[in-house]
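Written out below as structure tokens is the structure these notes cover.
First chain written, first letter: the chains are A, B, C, D, E and F, and each begins at residue 1.
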Amino acid sequence: MPNKVAVYRREHFNAAHRLFRADWNDEQNFSVFGKCANPSFHGHNYELEVKVVGVPDSTTGFVIDLKVLSDIIQEEVIERFDHRNLNLDTPYFKEVNPTAENICIVIYELLRGRIDADLDIQVRLYETPRNFVEYPVL
Amino acid sequence: MPNKVAVYRREHFNAAHRLFRADWNDEQNFSVFGKCANPSFHGHNYELEVKVVGVPDSTTGFVIDLKVLSDIIQEEVIERFDHRNLNLDTPYFKEVNPTAENICIVIYELLRGRIDADLDIQVRLYETPRNFVEYPVL
Amino acid sequence: MPNKVAVYRREHFNAAHRLFRADWNDEQNFSVFGKCANPSFHGHNYELEVKVVGVPDSTTGFVIDLKVLSDIIQEEVIERFDHRNLNLDTPYFKEVNPTAENICIVIYELLRGRIDADLDIQVRLYETPRNFVEYPVL
Amino acid sequence: MPNKVAVYRREHFNAAHRLFRADWNDEQNFSVFGKCANPSFHGHNYELEVKVVGVPDSTTGFVIDLKVLSDIIQEEVIERFDHRNLNLDTPYFKEVNPTAENICIVIYELLRGRIDADLDIQVRLYETPRNFVEYPVL
Amino acid sequence: MPNKVAVYRREHFNAAHRLFRADWNDEQNFSVFGKCANPSFHGHNYELEVKVVGVPDSTTGFVIDLKVLSDIIQEEVIERFDHRNLNLDTPYFKEVNPTAENICIVIYELLRGRIDADLDIQVRLYETPRNFVEYPVL
Amino acid sequence: MPNKVAVYRREHFNAAHRLFRADWNDEQNFSVFGKCANPSFHGHNYELEVKVVGVPDSTTGFVIDLKVLSDIIQEEVIERFDHRNLNLDTPYFKEVNPTAENICIVIYELLRGRIDADLDIQVRLYETPRNFVEYPVL
């Protein structure tokens, strides 16, 4: 049985966001989300790592051409999120908070449909070099 | 004559900003500032490097205690800028654009008054790992 | 069924240590532990990465508030280990060597009791950028 | 039952390579492999991360002495690949392309025979900081 | 008098090269250039940092638009060197060795003509994270 | 007139140290040096960057062969300081504190005598990624 290999591609985007619940008042929001609740927004350089797992193609030696993977990430994620306000400029965080966890799940869903179903994928998102998340948990 | 040594301290803050001129229309702003002109803002993980040059104290061996330098940066820069919108939440970028160049000059001015006049200082500001600025030019 | 997400927080501490067995003589210790057996100690900038796995809270979007996780790491690990001699200043390495493996297990045990039992945790410890360990193996 | 710990060692080598199939013409090769098909070769600073999983020895506290692991990587990988042309100077990529996937599998095979069978190993290979692979998938 | 600010842009390219003198025999070349003399070539991920010094424009706040600087580096350097063999595929290293020093000088000359004469420039080139060069010395 | 180029080599060592004055009591030492005064020592992964400035040799294209520079740093610095206690195991910090400033000056003096007098040198020492020093100030 041919063996599986994991390949990774790293991309980045810069965005603004704010953590808050519209059904809470300012005091509640600041008490739970701290300075991340600032109504004028703040922002991050997000680093995105996409893992794709599968058997390398015997003709090319690629699990997936990383140039193709990079293009898919560009179209599905970077064009939607880069230099945007995640709360105001995208439709994904109207009902849920743009926490790193939720952004990571949204990115996974955006990519999942574009990559062959026989390849597993996982997304890691760095909000800062010291805070990051991963979805799904394999 | 005792010799000078340079010491550096690195700190970081996360902020939102937007590049634009209020006296230009959207078309002009997007043509000059590109996606950085997004009216909903975007953001960065700013990394700040402060260089202090002087003769080490013969008693302690310090040019400046880096814990003291860190506290000064905290009070003068991080508390003002971290998790803030540079355009809306600070008074420094009403008349000038919050480009990395201008943010760096503002940070230098904020720090200069707090550090002994016989010590030279220089500020380097990373907007991203690939875009950064330095002021003054020594 | 709601999906699990992994979140990570990175912290650091600086410490001295020495690898040796009290029941061996110097020759035996140097032959097994090399220069790590130096009786005067040496030291490292340890980087610590704590992974917490669980279902994001539907109200906040957090698996665990990373500020809370950071505070727990601070109290349980950094205050005990930072700027300390692991052999002399802590009770954990009297019977076992402070190898990266053993330090990592000790840190896991210190944190495990402070984090909700329905959340899985894993600890990665960098002794240098080129030598690091992870526990438990999930 | 004693617990398993994973230990990692990072090494690097610099090499030249070219992606192409000898049974394709230039047009086919450039259409599939892009500029990586350049017949004059190009190159990379490869970063190699070897993970070894096992129960720490109760006498030393080591899963494997990382100095020993480093020496094995040196002998099996660095001496064969560093400052070499992977296509011309090694026997491993005559039939298969030196993609990161295939280089990673070759490195795994070279190391597997040198490390105790009761220890699991995994290899991660960075071709660039943004493109990397891992084998096997645990 | 308005003040000068330095701005930096970082780019990268991957290339193969070989250090040798055509008027020396193999023995001489290996004795001076070591494994860098390998006739089959080896390669690197080069990281390039371009510094531009000048007074920020009072209208935009830019010393130079870093997007413009990035495009110039792309056209003058990346398109010429990326995924190329520096000895075989470029005209610059027929008479001189492609040492980091000489590559850096060539890059400076390529960029100097494209950037306003009233702006000073300096080029830093990383051959590996541990070996790098800078030209000119300001 | 031929032009000068700067070349850099990065090395590292791990060491223990303690900041204190023997003529002060514990209270004085802790009040000035904080937790760095811990009598049991603490430690760091020091990163060392040595800059050498000169005109590249017209035969080789080297300012200085970085392999030679690396060997000199190894002999003069790494062998003396790696896996050592700077206060106890070296003669350099009996009268002065092993602050980063003073370690950097000592390293400069150790290297200066081994490198051609027509080459300028400068030393940068990272005590942590956020605290570093440079000597001399050029």
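Here, contacts are C-beta pairs under 8 Å (C-beta built on N, C-alpha and C of every residue); 3 or more make two chains touch, one makes a residue touch a chain.
Keep in mind the model is a prediction, meaning the values are calculated, not measured.
With steps allowed only between chains in touch, the distance from chain B over to chain D comes to 2. Shared contact partners of chain A and chain E, listed by label, are B, D. Homomeric contact chain B/chain E: same residue numbering on both sides for under half of the interface positions. The greatest centre-to-centre distance from chain E, using averaged C-alpha positions, is reached by C. One finds 28 Å separating the Cα centroids of chain C and chain F. Residue positions 129 of chain D each touch two or more of the other chains.
Of all possible chain pairings, those that touch are A-B, A-C, A-D, B-E, B-F, C-D, C-F, D-E, E-F. Against chain E, in their complex, chain F makes its touches with residues 3-11, 53, 56, 59-63, 66-67. Contact residues on chain A toward chain B in their complex (touch as defined above): 12, 14-17, 35-36, 38, 40-45, 82-85, 88-89, 128-129. Chain E makes touch with chain F in their complex at residues 19, 21, 32-34, 96-102, 104-105, 129-137.
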